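What follows are several structures.
Two complexes, one shared chain (chain A), two partners (chain B, chain C).
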Partner chain A sequence: MSRINQALRELQSIDELAGGGSPVHRFSPLSKLLVTVGYILTVMSFPKYALSELFLMILYPVCISVLSGIELRRAVKQVRYVLPLVMAVGLFNPLLDRAVVMYLGNIPVSGGFLSLVSLMMKGVFCLLASFFLISTTPADRLFASLRKIHMPAGIVTLLLLTWRYITVLGEEAAVMMTAYHLRAPEQKGLHWRAWGSFIGQLLLRTMDRGSELYESMQLRGYQGDFPAVRQDPFRLKDLLYVLGWVGCFIVLRKYNIAALIGRGAGI
Partner chain B sequence: MHMADALLSPSTAAVMYAASATAAGLSVRQLRKENDSRKLPVMAVSAAMIFAGQMINYTIPGTGSSGHLCGGMLLSALLGPQAGFLSMIAVLTIQCLFFADGGLMALGANIWNMAFYGCFIGYYLIWRPLQRSNLFGCQTSHSGRRAVIVLASILGCVLTLQLGALSVTVETLVSGITELPFAAFAGLMLPIHLAIGLVEGLITSAVLLFVYEARPELLMDVGNSEEKDAKMSLRGVIASLALITALTGGALSLFASGNPDGLEWALFGNAEAGYAENMALDEENFGLSSSVSDTASAIQESTSFLPDYAFKDSDAAAGTSVSGLAGSAIVAGACVLISLAGGFWRKRTVQ
Partner chain C sequence: MIEFENVSFRYEKEKPVLDDVSFRISPGSKTGLIGANGAGKSTILKLLCGLEQGSGKITVGGLPVIPENLSAVRRQLGFVMQNSDQQMFMPTVYEDMLFAPLNYGVSREEADRRIDDVLARLNITELKYRHNHRLSGGEKRMAAIAVILANHPEVILMDEPTSALDPANRRMMIRTIRELPQTCLITSHDLDMILDTCETVILLHAGKVRAAGSAETILKDRQLLEECHLELPLSLAGKN
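Our next item is the complex of A and B:
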């Protein structure tokens, strides 16, 4: 299957997940966006050696996974995109930061190793949070909710239209790519001689489609402002959802709960 | 070049969000001034097209590897810098949310690194001046225009990708994520992105040449005789490039003095391991101290979300860590139990 088809299938599967009806799905998109931003900011703010404190932040994705019914395994698949990049940046830490900062029994552990592991954990946690945001919230409702935080109407409309047209143009590109591969079965990718004509053709079709889209929008009364998209109300339960999670994040950030539990267990 | 959330500190992410939001705000204002309602749908489908174009593998002749399209230069040559920038924001936002290409909080930095340079610097510094100049006799000659399109695409993509890669390096280092010194990190990032920029420049030029042959009116600043009075001379282009080189070089040297290279690090960076004593060098009193770096440190200390590096010197660090790890293991066990209980509860609900 070509990369475009794979991407389209991925989009479709996330869209299907977002259409669920779990308790998490029922909170307003804005509340979930705020909680996700709060979570990511908290994770990013942990010092580089604070491994045990950081580890407790896993509670959020685990809870959301359980409440939404979306398996953690499904989310972890996405890690393959982000982990190599994060590792590439942190790979030199164990070589350059060799100062021993703790002992595991008799085994010395260097600061660089701790910082590499914490960097990877941060990458995975932030990714999980973003994944659970988008897999429990339909994209159009999420984009529409950005109006509530005063995102300019033009950008929101652009996001909504782009989101709708990604599937259309993706399918068009996939059809073109299939036709190309049928004519050039030995080619792994797009031959350099076809770079211009292939993407150029797609681009010209795109521009024509843009004009058609504009005309059809005009026929429906478009005069520069997009008709009001459905806005989800921000209710008291949404506020409590945000406050509850943000409170948890502050506690997890401020206190080393893992150490308290460890000491409580007599270790 | 998509940065993950883990590669940035909250303060750096916030600064980059502010910078990108300012550029986006100005772009929206400019488009409102133009009052061309036709543009928005075209921007949306173009963004979707770039998204599809990025999914295609472009075989690089003779290497067996493949390149990819970023799209900033392409969009700004077709739609103009402001519309191109906003379209790139849409592409990067959807990529970040659905394909884990870059993090949600790193989106501001990614927009700056990939869209801002590609659209604004690439357009105002390379594309427009070259298209308005008479380089290769492009105002009258068809082949001259083709040569200028190729030159502008390659120069634009290389320059903007280099600036983007440099920004990634600076943002990661300012965030304190990597132990690599600035020079070593930049030395890794810039050559890689030079090659990527060249390939992207070739792809962009191939597409723009096709559009030039098929529908030249779609290209910005190509064949607009009424705008000739505002044209920028080749001397102007060279002067602008010299200015940006000087600025970039200045910024590089500033950071280079603040961040020692690998050899210096080995000499000073690890006093606990005995390096400083062996070489009889005192890290604190060696070299130049910069008032700029002192001020930057003071600002970073006062604005950092939460203080960093406290763990290492803490007397109780090791003890806390062992209890912490034990606690983490207990929490991990609890997480497994919560997940199993959740699965059991869901099955019962379904039945």
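Our next item is the complex of A and C:
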């Protein structure tokens, strides 16, 4: 199976995971959305050298993994596609920020290196949290909850279409790669000379298919709003879920638990 | 019920696809829209739904197909697209079937009743909670019809419903079409299927209606069909 096909299949299987029935799946989409946003904001707000404090934020994905029955390994595997991007962002930090800020044993560690590591951790954590959000909440219900917090219908539609188009784009790419390999069997990847026309073709085909998809929505009465397939009431337990997690995040952010534990153990 | 009066159409700057096309389809009938590849069959269906606009007059159930009427026109029409992958965009068959009724203000209970009824009628109840991308080609096509029927359209438009189906699925499709009580407009170059399902036929060639009338008569006319780059249906080919 080609790499594109593989990625595509993984993406589609997220939709299937989202149909599960674990305790996490049963909380309202809105509550999970709020918790995820809270988590991402908290993670992003950590200072750039605060590695040990930041590390404890892994508690959230670990808990969700246990409660939802979706293995952490699975999540990490999924996140690998985006990881190089995350790394690229912080790649120059070690070069720019060379001041030594701590020693590991007697190896000097520069501020730039620390901030690179923390940036990567932040990236991975946020991706993990997003993965757990979409793999415990069906896409359409998630988008319906965006409408509930008064996100403009246009933006929600755009997001939903993007979600659907990614698979369309991937399918077209897979078909074209297959056709290419059948005619250039001795070639491993795509020859650089073919890249331009390949991408051009891919965009054209995707746009065609995308517009047909959109036509099908219009023909079935789409006016800019997805009908709520399921009513997802926001119950007391959803409120508690949000408050509980946000409380945890605040504690983790405000107090250096790792240091507290260390100090406690030291006494 | 459906009327085309002097309709002409071209895609931007290309040569005309339809040139002064007129025909009418009476309520409750099944009509085959036939013609070689590129004859403009799919284009006619798109004009009917208001997905494209040409010159001339098109009416559906007495309503002219103009931007102000689109919602009312589309509510009456069910368009089964040629490629079911493009037609279905929700994760499961069930959710796809809910989409149109809920959009048109049908209550949830009523929609659920309709869905179970349609699935039972098409004999595909087991597909209800299946994921769209996991269906086989034949199942996808049946699900696509179910999605359309759930909205209770008065007219069903089908674009090449038997293309890319194996013989068994093709037979099932023909049986399904024959049992539909609605007005149907079916495009195809599968003339055997048209002969099995439609009583009238509209033959398109070079942007014009070349012939319209009884399916028996037109589909038997070898010379006419060959002029339009089509062939006699296999079931009639041996008989003269």
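Following the convention adopted for this analysis, the second predicted complex is superposed on the first by the 179 of 267 C-alpha atoms of A that agree within 3 Å, B and C clash if a C-alpha of one lies under 4 Å from a C-alpha of the other, contacts with A are read in each partner's own complex, and residues count from 1 in each chain.
Methods note: contacts are C-beta pairs under 8 Å (C-beta built on N, C-alpha and C of every residue); 3 or more make two chains touch, one makes a residue touch a chain.
This is a predicted model, so every value here is computed, not measured.
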Between chain B (first) and chain C (second), which does A:Val76 come into contact with in this model arrangement: first, second, both, or neither? neither
Classify the contacts of A:Glu172 with the two partner chains as first (chain B alone), second (chain C alone), both, or neither. first
First (chain B), second (chain C), both or neither: which does A:Gly221 touch? second
Once chain A of both complexes is superposed, is A:Ile14 in touch with chain B (first), chain C (second), both, or neither? first
Looking at A:Ala139, would you say it contacts chain B, chain C, both, or neither? Reply first, second, both or neither. both
With the two complexes superposed on chain A, say which partner A:Thr206 touches: chain B (first), chain C (second), both, or neither. first
Which partner, chain B or chain C, is in contact with more residues of chain A? B
Once the shared chain is lined up, is A:Val156 touching chain B (first), chain C (second), both, or neither of them? neither
Chain B and chain C footprints on chain A, overlapping residues: 139, 164, 209, 213, 217, 222-223
Touching residues on chain C, where the partner in the complex is chain A: 49, 51, 71, 74-75, 77, 79, 81, 83, 85-92, 95, 98-100, 102-104, 131, 133, 151
Quick one: which bits of chain B touch chain A in the complex? Just the residue numbers, please. 2, 4-10, 13, 24-25, 28, 31-32, 35, 37-38, 40-49, 51-53, 55-61, 66, 69, 78, 86-87, 89-91, 93-94, 96-101, 103-105, 172, 176-180, 184, 202-203, 206-207, 209-211, 214-215, 218, 265, 269-270, 272-273, 305-312, 317-318, 320-328, 330-332, 335, 338-339, 341-342, 346
Please give the residue numbers of chain A that touch chain B in the complex, ascending. 2-4, 7, 10-11, 14, 36-37, 40-41, 43-45, 47-53, 55-56, 58-59, 62-63, 65-67, 69, 72, 78-79, 81-82, 85-86, 89-90, 92-93, 95-99, 101-104, 111-112, 115, 119-120, 122-123, 126-127, 129-131, 133-134, 139, 142, 152, 154-155, 157-159, 161-166, 168-170, 172-173, 177, 187-192, 195-204, 206-207, 209-211, 213-214, 217, 222-224, 253, 256-263, 265, 267
What residues on chain A touch chain C, complex-wise? 12, 15-16, 18-19, 138-140, 164, 167, 171, 209, 212-213, 215-223, 227-229
